[in-house]
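Both of the next two complexes hold chain A, though its partner changes from chain B to chain C.
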Partner chain A sequence: MDLNIKNLWVVYIGGVEIWITETIVNTWIIMAILILLAVIARIRMTRFSLVPRGFQNVIETVVELFDNFAAGALGSSLSYIAPWFFMVFAFILSSSLFSVFGLRAPTADWATTFTLAFATFILMLFMGFRHRKGGYLKSFFGPHPIFFPLNLIGELAKPVSLSFRLFGNMLSGTIILAIYYQLTPWLMQIGIPALMHAFFDVVIGALQTYIFVFISFMYIRGAAADN
Partner chain B sequence: MLTLTVFLTQAAPEGRLFGLDNQTVIQIAIQLFNAIVLAVALSVILYKPAKEFLRKRSDGIQSKINEAETAAAKANELIAEYERKLKAIDQEREKILEEARVKAYEESKQMLAEARQEASEIKKRAMESMAEEKKRLKEEARLYIIEVAAEMAKKYLAEAIDDAVQERIFEETIAQLEEAQWRN
Partner chain C sequence: MYESLAIVLAAAHFAAALSLLNGLLTVFGQAKIAATAIESIARQPEAADSIRGIMFVGLAMGETSGIYGLLIAIIMLFANPLVDIFVRMLG
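Let's turn to the complex of A and B:
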């Protein structure tokens, strides 16, 4: 197993070299699958009944669970940003789950995790200024203006720490599995890796998805809620 | 004008695990675009319609619950009203029964008194009638005795009365008198 992220193509747009990496292609694959599932769900939704059954139960449970989670963590006044995090949740979890089938998780690439963390950071700033206006800016100078540099670094560190946390956890599973494949004889590579994939990709993936989204909610709530 | 050229994998540079350069920034920009597209797609196609469906269903159920609660409240009001009416009817019935009892008692008392008075009058009239009848029978008996005595005297005078005949006439007369007394 190669730990490096492969560059599949190089594209030049306006003279700018752009690498189309394995991460981007896998992201497109996951996007296509998620959008296809969403379209199927949307088509089935037209036949949804008052009493849910089968597939309707799955869709309703997923949406309702996430909506309750978002409303609980963010508060009802901020829960209108939940659709973005629904995508984040679905994407990170799908990335982990699809890696069970040998697809390198896009979240095992720092560019992806930083993108998601950066979006959280932008949302945090936006929500802070939108809901607290000058109060949010003032919070950078508390409890004394001398703390401004520290507060600024603290805020800027948030997307970095958030992105590296997810990246590190996702990559660690990939590295451990790669080392295992490198160091063990072929006999040991039957059955056992499946359990390791289940643990690192499914269990750790689900846990990290929850952690990423929950911490994002906390950052945004901390910025937007007037303390 | 933008020019787009795609090279095959062989021409692509060696892969890497991590880097901080222009390509990373470009990767981040592409992933951000991908994320925005995915977020919009999932939100428009699935999340918002599903939430809308759930909201409408919740509203519908809530509306039915409200209707049921309103109906239940009305039913409770009706029950309370009927119970009040039943209680009033019971009180009215008790009152009517009590009045009827009192009235019946008074009437029975009056009827009894009237019946007693009537019976007393009937008895009195019967006693008077009996007294008159007794008087009339005495008079009749007296007249009959006179008639029998006159008959005896007539027979005595008509026949040559000897002792045996006299005895027989006497016995017959006495027998007739006894018979007349027994009838009275």
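Let's turn to the complex of A and C:
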């Protein structure tokens, strides 16, 4: 665990150098584990019965819990986008959980969180135009057309604030733990970091995951639901 | 030569500390949100679930300004462009 993001190797594609950083490799690891889980769930799904037992019970509970959360936050007419946010939820949560094992969390890199927040922004625009058509465009011209620049800045600030919130929380935990690991002797590194990991990675990570997804839902509902 | 670099670095560290002082006001705002939510839950326990959800979102919104201060402090300490310019001027 380190303060800076290490650059592992550089790939040249068509004369452009692309840096493969620690963040990208950790993202690949987490993606591989999530895809493996999804494939296992898909294979087991062929043997699912009407009355859930064991593994099927766990999967159904998780999906149902998330679907209810999405339907409550978005309203039933918009909750068909819940699968995308289930993926975002699983990725952010597992990336903060894997930092317990010493992987640097990919969400402690602004590139990752801005990508996720920008996807929310694109989805917000798309859903707004899909459900309200011209009414969404009209909402930019506010109570009076003179408010257009303010409304535009307000909309553009949404992905930035959404990404900075997650990034700042994850990075502060990473930095505090890195400083702790560098400053203390090995005797102090036996049981105490576990408590700090439990707070900074598990508690804060789960809370920020929930907040990221919930605020994304709020933005999309504000754009797409007719007032 | 090196004394002026030391002064610039000290100023960057003071700036980082100052930008973290906004945590004071952030914490006051978050305390107000939490206190009001507890009052509302005590008055209307059946609405506790929806109040709790709104409280978390409000806390996250209030935390944003604190996070901005933290990011400014981190930029001041680890990625300060002014210190880089000064080091390049020194040669």
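Quick note on the criterion: the second predicted complex is superposed on the first by the 226 of 227 C-alpha atoms of A that agree within 3 Å, B and C clash if a C-alpha of one lies under 4 Å from a C-alpha of the other, contacts with A are read in each partner's own complex, and residues count from 1 in each chain.
FYI, contacts are C-beta pairs under 8 Å (C-beta built on N, C-alpha and C of every residue); 3 or more make two chains touch, one makes a residue touch a chain.
Note that the structure is predicted; figures quoted are calculated from it, not measured.
Peer 1: State whether chain B and chain C clash or fit side by side on chain A once the two structures are superposed.
Peer 2: fit
Peer 1: Vertex at chain A, arms to chain B and chain C: angle between C-alpha centres to the nearest 10°?
Peer 2: Between chain B and chain C, as viewed from chain A: 120 degrees.
Peer 1: Based on the superposed arrangement, let me know which partner A:Leu3 touches: chain B (first), chain C (second), both, or neither?
Peer 2: both
Peer 1: State whether A:Ile153 touches chain B only (first), chain C only (second), both chains, or neither.
Peer 2: neither
Peer 1: Classify the contacts of A:Thr115 with the two partner chains as first (chain B alone), second (chain C alone), both, or neither.
Peer 2: In the superposition, A:Thr115 contacts chain B only.
Peer 1: Contact-wise, after the overlay, does A:Glu64 reach chain B, chain C, both or neither (first, second, both, neither)?
Peer 2: first
Peer 1: Look at A:Ile35 in the shared chain and tell me whether it touches chain B only, chain C only, both, or neither; answer first, second, both or neither.
Peer 2: A:Ile35 contacts chain B only, not chain C.
Peer 1: Residues of chain A touched: more by chain B or chain C?
Peer 2: Between chain B and chain C, B touches the greater number of residues in chain A.
Peer 1: Let me test your reading of the model: by the given contact rule, A:Ser161 touches which partner, first (chain B), second (chain C), both or neither?
Peer 2: Once the two structures are laid over each other on A, A:Ser161 reaches chain C alone.
Peer 1: Applying the touch criterion given at the start, work out whether A:Ile190 contacts chain B, chain C, both or neither, answering first, second, both or neither.
Peer 2: A:Ile190 sits against neither chain B nor chain C.
Peer 1: Name the contact category of A:Ile211: first (chain B only), second (chain C only), both, or neither.
Peer 2: The answer is second: A:Ile211 touches chain C but not chain B.
Peer 1: Quick one: minimum Cα-Cα distance, chain B versus chain C, in the superposed arrangement, integer Å.
Peer 2: Chain B and chain C, overlaid via chain A, are at closest 8 Å apart by C-alpha.
Peer 1: Could you list which residues of chain A make contact with chain B in one structure and with chain C in the other?
Peer 2: 3-4, 171
Peer 1: For a test of understanding, state which residues of chain B touch chain A in their complex under the given definition.
Peer 2: It is residues 2-9, 11-18, 23-24, 26-28, 30-32, 34-35, 37-39, 41-43, 45-51, 53-54, 57, 60 of chain B that touch chain A.
Peer 1: Going by the contact rule at the top, pick out the chain A residues touching chain C in the complex.
Peer 2: Residues in contact with chain C: 3-4, 161, 164-165, 167-169, 171-172, 175, 207-208, 210-211, 214-215, 218.
Peer 1: Of all residues in chain A, which touch chain B in the complex?
Peer 2: Residues of chain A touching chain B: 2-24, 27-28, 31, 34-35, 38-39, 41-42, 45, 48, 50, 59-60, 63-64, 67, 82-84, 86-88, 90-91, 106, 109-112, 114-116, 118-119, 171.
Peer 1: Would you tell me which residues of chain C are touching chain A in their complex?
Peer 2: Spelled out, the residues of chain C in touch with chain A are 53, 56-57, 60, 63-64, 67-68, 70-71, 74, 78.
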